[in-house]
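The following blocks contain the structures, represented as structure tokens.
What follows is subunit A paired twice: with subunit B in the first complex and subunit C in the second.
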Partner chain A sequence: MKKPLRVDERSLRADVNPVRLLTFKIDDRDVSARADETILTVARQNGIKIPTLCHMEGLSEHGACRLCIVEVKGMSRLMPSCVTLPRQDMEVLTKSDRVLDYRRKILELIFSERNHVCSVCVTNGHCDLQALAVEMGMTHVRYDYIYPTHPIDATHPRFSVDHNRCVLCLRCVRVCDEIEGAHTWDVMNRGISSKVITDLNQPWGSSETCTGCGKCVQVCPTGALSEKGKSVAEMVKRRQFLPYLQMMRHRE
Partner chain B sequence: MTQQIVIDPITRIEGHGKITIHLDDEGRVSDAQFHVTQFRGFEKFCEGRPFYEMPSLTERICGICPISHSVASAKACDAILGVRVPETGAKLRRLLTYGQYIQSHALSFFHLSAPDLVLGMDSDPAKRNILGVLEADPTLALDGIKLRKIGQEIIAGFTGKRIHPAWVVPGGVNEPLAEDHRKTMLASLPEALEITLRTLRWFKASLENHREEIRTFANFPTMFMGLVNDEGNLEHVNGKLRFIDYKGNIVADGVEAADYKTYIGESVEPWSFLKSPYYKPLGYPDGIYRVGPAARLNVCNGCGTPLADQEWAEFRSLERGPVMSSFHNHYARLIEIVYAIEKAQELLNDPNITSPHVRAFAQPNYSEGVGVVEAPRGTLFHHYKVDEEGLMTWANFIVATGNNNLAMNRGVLQVAQRFINGNSIPEGALNRIEAVIRAFDPCLSCSTHAIKNPSFPLLLLAADGTVLDKVRI
Partner chain C sequence: MSKVLRIATTWLDGCSGCHMSFLDLDERLADMAPHIEMVYGPLVDAKVFPEGVDVTLVEGAVATDEDKKKIRMIRDRSYILVSFGDCAVTANVPGMRNQFKVKDVMKRGYLENSSQNPELPSIGVPHLLDRARPVHEFVSVDVFLPGCPPPTEAILYTISELLAGRVPDLKGKARFGA
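And then the complex of A and B:
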């Protein structure tokens, strides 16, 4: 996987390499930002809510899920706010009808691609995808479900991966590479047939690079990665370690 | 000319089914079939799932007795783990089961069957429902609603959910019992007991009015099956299987869940999605047996709690041997509620009940497990096979209602023969045919699965198969 530039890293030496400050508008509010901060970061600093799924504080941005799209006046395309930098005098809309409509469509498409059955899922009640559906008022999915057949890989002694619940956010791939440094996880195939794999698409239990740290399990937004033996709704993800580890990685 | 009557849908039952009655050339009832027209497929789509998901997956089979499915499933998983459930965990599963018995039996008795019992089999069908009961006998109707609520709240108190609480897990239960919930439950039980005893008194006094129903509602000799504990007493959660013949002789006892296949065969008929289990040594269909409330009271040596034991003795004195009429399932249900309340009180007063040791953890150590419990409607089997990683490779369920399939069919025939003459269906006959099914309190959605047509008709068919009369209720 191509390694994207880490926004946080670039900003670290701001003292010797000062960045430009600029002002722009989000939802008609004047906001100021450093030129290297994303629209999403600035919005959140100003208490403006933008839904995200693949974004995770402490990991590089990937722009995979597209749920954070915003409308920029003068541009025909909707922009993913997690990987878009602001420009001076830009006018950003986070809640226009067009944005909300597209977000709903994207969310429904995510649900239609795999088999998300909340009622029997280990993360029921603690799931980012489920929370988004509730937050965005998704009452039904207007597209036909694909119902793919995905087997479960339960070869790892402590964890299992259920691709039926994977949303391809690639948080697992990023945390394994960027924080743990093992790069056990990666992606194979393209488009709708993409799938996260361990090592060279071999059973997780036979992976030589996996350290068994479980970070991937904790950052996974859904029940795709879970601890074995957990029953429905018992898999609560612990993510407190991430900002702490990230900070320690950068300590010289 | 022979004819056929079809009742579709059967009302006031859980799930969807229909009845076909065949008439011969003289218009006499020659045969009757009870069809379950739904299909679900749980056994198939559970394949490939981790076994520890099974209690919550199979809980979704039914909204009335999810607890029984989760406990049966968890017991099959316990066997796969190879663990002994901590004492308190086992007691809490039991307590939850009694909560379910109270609510499920109350639903069957008050909401579904009381309209027939209070208003009469021949009463106006437009009023023959719980609202009609509320008009005719408000105390009884309110009692039923209150009693069911108490049962539901016992379940809800553990997890905040009345149905599908996902609280029973492989190795035990998910969380210990909170002290305040223990107190709330204890406080609600005296009223529940009072309601049940009051209803029992009323029911026993009204038995006289149902003499003809008692005589014809699946009143024929069959075997009975049920769980009993080590003392041979009534048991719903643990214990071993006992089979008795129609005279009451024990023909098999102390049968372990894992050996169920030695005793029970499963036959398939082309006209129903519900299988017909039978007692293997006698073959099909001679191995007809019954399960459920009356069957449990027939197979056990007693209940083991004071009030229920008194009622049990009175119940068993109805007949010299086992009580044969399935009408008496209503009676047995009330006695089981008394038992459930007494047992729940006993458990809640156990100082050990709030202990935090409620769950055993292990890896899958065995490739196969069978779990059996007594669901409100009868004996329930969950049988799983898993691979080395603990993923399901095979599942078999024998659900309570399935065990009664042969008996329900024969019961329908018996009632039809008594109450139908000629090629039209008198309203009272129609209701009695449905009522015999209701006496079994079948849960068809549980025992099979719905794909379409959520209603259930009664047909009268000619010998050549043409429909002469059709009633849709």
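And then the complex of A and C:
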């Protein structure tokens, strides 16, 4: 079977490459899709649930968290559905034992890599990561916790970043670059020592590029980015601006 | 069920909040009374952890050498071990000291924040382990009941299922944090 295309490999020139329609199967259900829609998009259109963490409607896809992995028949590797395009007659499984097992492992590894203490977190009860644990039936982490040492940067007058709670979804990096156009956020280091940074790893409060818009805080799935002055469970994220901005931009 | 379930509860490095949530069962505890026997715990006047306990609820993380000894003894004497609450399941708040050295934690607690007679304790207190860790990193755990504290309903469900001879499936019934 031919390797499925990733989102960034598709042609954006609809005039020279008119969008094809194709049919394929998700969980034994026949579905139809435009050739430039991801498996995740098509699944959601058809009411098939696939858990996601780094995906956010209105931002580019990144494929960072790997929670949306699905099994494609004939492929040995599991594919991230948010950045994989369907092919004609492809058979996709979203809930096979193998997929569920790996998703659960990925989620547990995310919890074990940082210090997620829900009971004292500003986002307790409004957190995407916490909700995923419930949704996926994760009652404990089978891996030994790493308990890394991570700092808190509270130099910004209105916001703070607590790296203990960061899951490296990079929503902050994307929203700052793609929507606000400031590109204050970026990533340094690699693998498990990766860390989101402001400017060239300068304190957030001293950033010359940050506009203080707070979009990063609102899209952050956990309590890593929060507004100052919020106590436990008080940081409710407001994300309505994103579909609104997206809609206004697409208006001719 | 004819047999009376012998239940023990205990806490290691925890705040007793999970036991408070347990007590919130209120009159439902009275309904359960004919079917259970509380054989050990802070609510019972027993000095030694007995042999042959059917179900033990363990609150708190394993944080000291004494906790480590205790949890191994409890595991040996319990048929079913329940990790009771976030501290037991994840190390939770007791684990927040894990980013620092024990020496610095002791200094902070007993010297820097003490207004009178600042002194490191040397007798009568167990030694802190390098890190506070979840119970299942030391012994095998049969049931995980997360929550800070676990909701009373989830505790009721857990005990009811165990009374009925089933292993409770707590998926979706409790979450980390509140």
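Methods note: the second predicted complex is superposed on the first by the 232 of 252 C-alpha atoms of A that agree within 3 Å, B and C clash if a C-alpha of one lies under 4 Å from a C-alpha of the other, contacts with A are read in each partner's own complex, and residues count from 1 in each chain.
Quick note on the criterion: a contact is a pair of C-beta atoms (placed from the backbone, for glycine too) under 8 Å apart; a residue touches a chain by one contact, two chains touch by 3 or more.
Fair warning: this is a prediction, and the values are worked out from it, not measured in the lab.
Of the two partner chains placed by superposition, A:26 touches none, neither subunit B nor subunit C. The partner of subunit A that touches more of its residues, comparing subunit B with subunit C, is C.
Of the two partner chains placed by the overlay, only subunit B lies in contact with A:230; subunit C stays clear of it. Once chain A of one complex is fitted onto chain A of the other, the partner contacts of A:119 extend to both subunit B and subunit C. Within the superposed three-chain model, A:154 lies in touch with subunit B and out of touch with subunit C [touch as defined at top]. Of the two partner chains, subunit C is the only one touched by A:130; subunit B is not. Common to the subunit B-facing and subunit C-facing surfaces of subunit A are residues 119-120, 124, 233. Residues 119-120, 122, 124, 151-152, 154-155, 157, 160, 205, 228-234 of subunit A are the ones touching subunit B in the complex.
Note for the complex: subunit C touches subunit A at residues 83, 86, 89-93, 95-96, 98-99, 131, 133-134, 136-137, 141, 144-146, 148, 170-172, 174-178. On subunit A, the positions that touch subunit C within their shared complex are 111, 115-121, 124-125, 127, 130, 133-135, 137, 139-142, 144-145, 147-150, 233. Subunit B contributes residues 48-50, 52-53, 55-57, 60, 164, 166, 169-170, 174, 361, 363, 389-391 to its touches with subunit A in the complex.
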